[in-house]
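Chains: A, B and C, in written order; residue numbering restarts at 1 for each.
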Amino acid sequence: MAQGDPGADSFELPVTAAAPVGEDVFTVELDNWEGPLDLLLTLARRQKVDLKAISILDLVEQYLGFIAEATDMKLEIAADYLVMAAWLAYLKSGLLLPGDPDLDPSPETLALRLQLRLQRLHAMREAAARLMARDRTGRDVFVRAAPEGLRTVKKRQWTASLYDLLVSYGRVQARTAPVTHMVANRQVMTLDAALERVARLVGATIDWTRIEAFLPESYAGSLRKSALASSFLAALELARQGKVTLRQDGAFAPLYLKGGSA
Amino acid sequence: MSASAGDAPDDFERAVEAAVFAADAPMSPAEIAAYVGDGPVGDALAAIAQRHAGHGIELVERGGRWHFQTAADLAHLLRRERDEPRKLTRAGLEVLAIIAYHEPVSRAEIESIRGVQTARGTLDVLMEAGWIRPAGRRDVPGRPIIYRTTPDFLTHFGLESRKDLPGIDDLKAAGLLDPVDDALEDALEDAIGNDELTRAELVKDGETE
Amino acid sequence: MSASAGDAPDDFERAVEAAVFAADAPMSPAEIAAYVGDGPVGDALAAIAQRHAGHGIELVERGGRWHFQTAADLAHLLRRERDEPRKLTRAGLEVLAIIAYHEPVSRAEIESIRGVQTARGTLDVLMEAGWIRPAGRRDVPGRPIIYRTTPDFLTHFGLESRKDLPGIDDLKAAGLLDPVDDALEDALEDAIGNDELTRAELVKDGETE
């Protein structure tokens, strides 16, 4: 580790390509860097100057050298390292050749941009280090390992309205009270009355006559229905006695009566 | 014993306090010393306990081991109750109504009025709500517990007294009986000649919760 | 502010102390009030913090939430080898710092600073640690998700607020938290009419080595 630069390297980096010690020891580990910018920053920091005073040209040289060596070692180099290398080669030529005033952006601007980016990454890296050095919970300061804990207990709050209560009682009462069927006082035609009427009227008819014709004209509504039912029963009784003949052509078809037995 | 409480705290005492605080179980003086080094652990513990006495946190000893805990009289603060409104079930309402109209009343009597069995939980819920309470035992074989409504019941339903509960006739006049009555008759008509169905319908009512 | 420290503790202050002490996470004054009832929570917290100051346990505020912890200078006594706090990769560290110092910030913005794509797992690890969270979307094409740090982040690193982030004022003053493009414009304006100097500076052959 860091044999080529004993004691002078304050970074936690392994041997870098810039410090070859011999073919056997020399290792290039691109995996050590999180991308080209990271590698560039590492190289820049090796110059041990303020990033604002860094020589971009020198930095470019180092990067290109690094990639060239890695290529010689036939190491696989991620595409973005190569893209950066190409871009830096372009930047290098731009910086070294006499300025072309029409070039936009100018190589100087590109170089400045790279410098600013390196400053920002460097600043964040320093900030992270300072953050990690703070008194961290669980390492430097401790909270209670076994707090009692605070609990929220849900308490059921039952609600019901008086209306609900009364409806319920009504429901219970209605359900369980003995079911007494109150028949409303209503007019009916008794079987006796119907017997007497049908017997009397049928004697006077010779032709088939519908049963409805035997009902009193004035009866209507439920009274009429009652009269129909009673008259039907009366007709059955008279037929049994042989005083009436019934005829019906089909189920629910009109019912005809005629005096005398068939 | 540290002479002057409230003065500049001594470092050993601070260390003991921090160690006991951060521990995940009560610690004996020997265990504490393993963290903070040798020193008058006992004196430090006594001084810390004294300093916290009467405040929200207490340093207490249990079987030779020390730990911090919330002051016992403040334990009620550690639980916060939040009301969660729940509507009484139909069965609950019916049982409550029966108790209100017929009190004092036993469970068997409630069941005979309702025509269905009453789940144990129904009475529990009503007691939890604070609306009914056991009121002794009926002096009959088996000595069943009888239930009454509580003053909270009156308060919740906005009643001055039980006499404010409308009578059966009032309920009928208010139409509170009729709609149910009709519905029941319809059901009976549908089910005529099918006694089993009627029975099943009636029992299903209410207790299915 | 409590007039006389060390006197008979007032009940409200005791309750606040107990609630914060018993809680298993830092609590905001509103959360504390939910347990102890309404009252001068802020005053009580200040009084409690003052009473504990300099002792082994301290009451501290982190992002508007309060909790007790051991005094930082006692770390050497309490440090436990076995439970090392989460160790972050270098990528994780950088991403965390970038989010903390720039928040809210999108993934693309993080990548523009680091110059490399951020592995999916890096943000996941930080979210799992509870230190960052998604905080909506940036109102630009693509509507990228933006990230922020959490209150737990402040707690873990002992920061009262983001203003306490180490060196944040200097970084701001130096423009190092501004986007590169802005900084570039500023720098170019400064350098106008002095092209040669800029060029010389940049090409300067690392003689400071």
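Here is the rule we use: a contact is a pair of C-beta atoms (placed from the backbone, for glycine too) under 8 Å apart; a residue touches a chain by one contact, two chains touch by 3 or more.
As the structure is a prediction and not an experimental result, all values here were calculated from the model.
Comparing each chain's Cα centroid with the centroid of every protein Cα atom identifies chain A as the most central. Set against the Cα centre of subunit B, the chain with the most distant centre is C. Centroids of subunit A and subunit C (each the mean of its C-alpha atoms) stand 33 Å apart. Centroids of subunit A and subunit B (each the mean of its C-alpha atoms) stand 35 Å apart.
Subunit B and subunit C have Cα centroids lying 43 Å from one another.
In subunit B, the residues that reach two or more other chains under the touch definition are 18, 21-22, 68, 70, 78, 80.
Looking at subunit A, one finds that residues 142-144, 148-150 touch two or more other chains. Touching subunit A in their complex are the following residues of subunit C: 19, 21-24, 35, 67-72, 75, 78-79, 83-85, 88, 90-91, 93-94, 96-98, 100-101, 113-117, 155-159, 165-168, 171, 174, 176, 180, 183-184, 187-188, 195, 198-199, 201-206, 208-209.
On subunit B, the positions that touch subunit C within their shared complex are 5-6, 8-9, 13-19, 21-22, 35-37, 48, 51, 54-57, 68, 70-71, 74, 77-78, 80. Residues 142-146, 148-162, 164-176, 179 of subunit A are the ones touching subunit B in the complex.
Of all residues in subunit A, only 34-38, 47-49, 53-58, 80, 95-96, 99, 108-109, 111-113, 115-117, 119-121, 123-132, 134-144, 147-150 touch subunit C in the complex they form.
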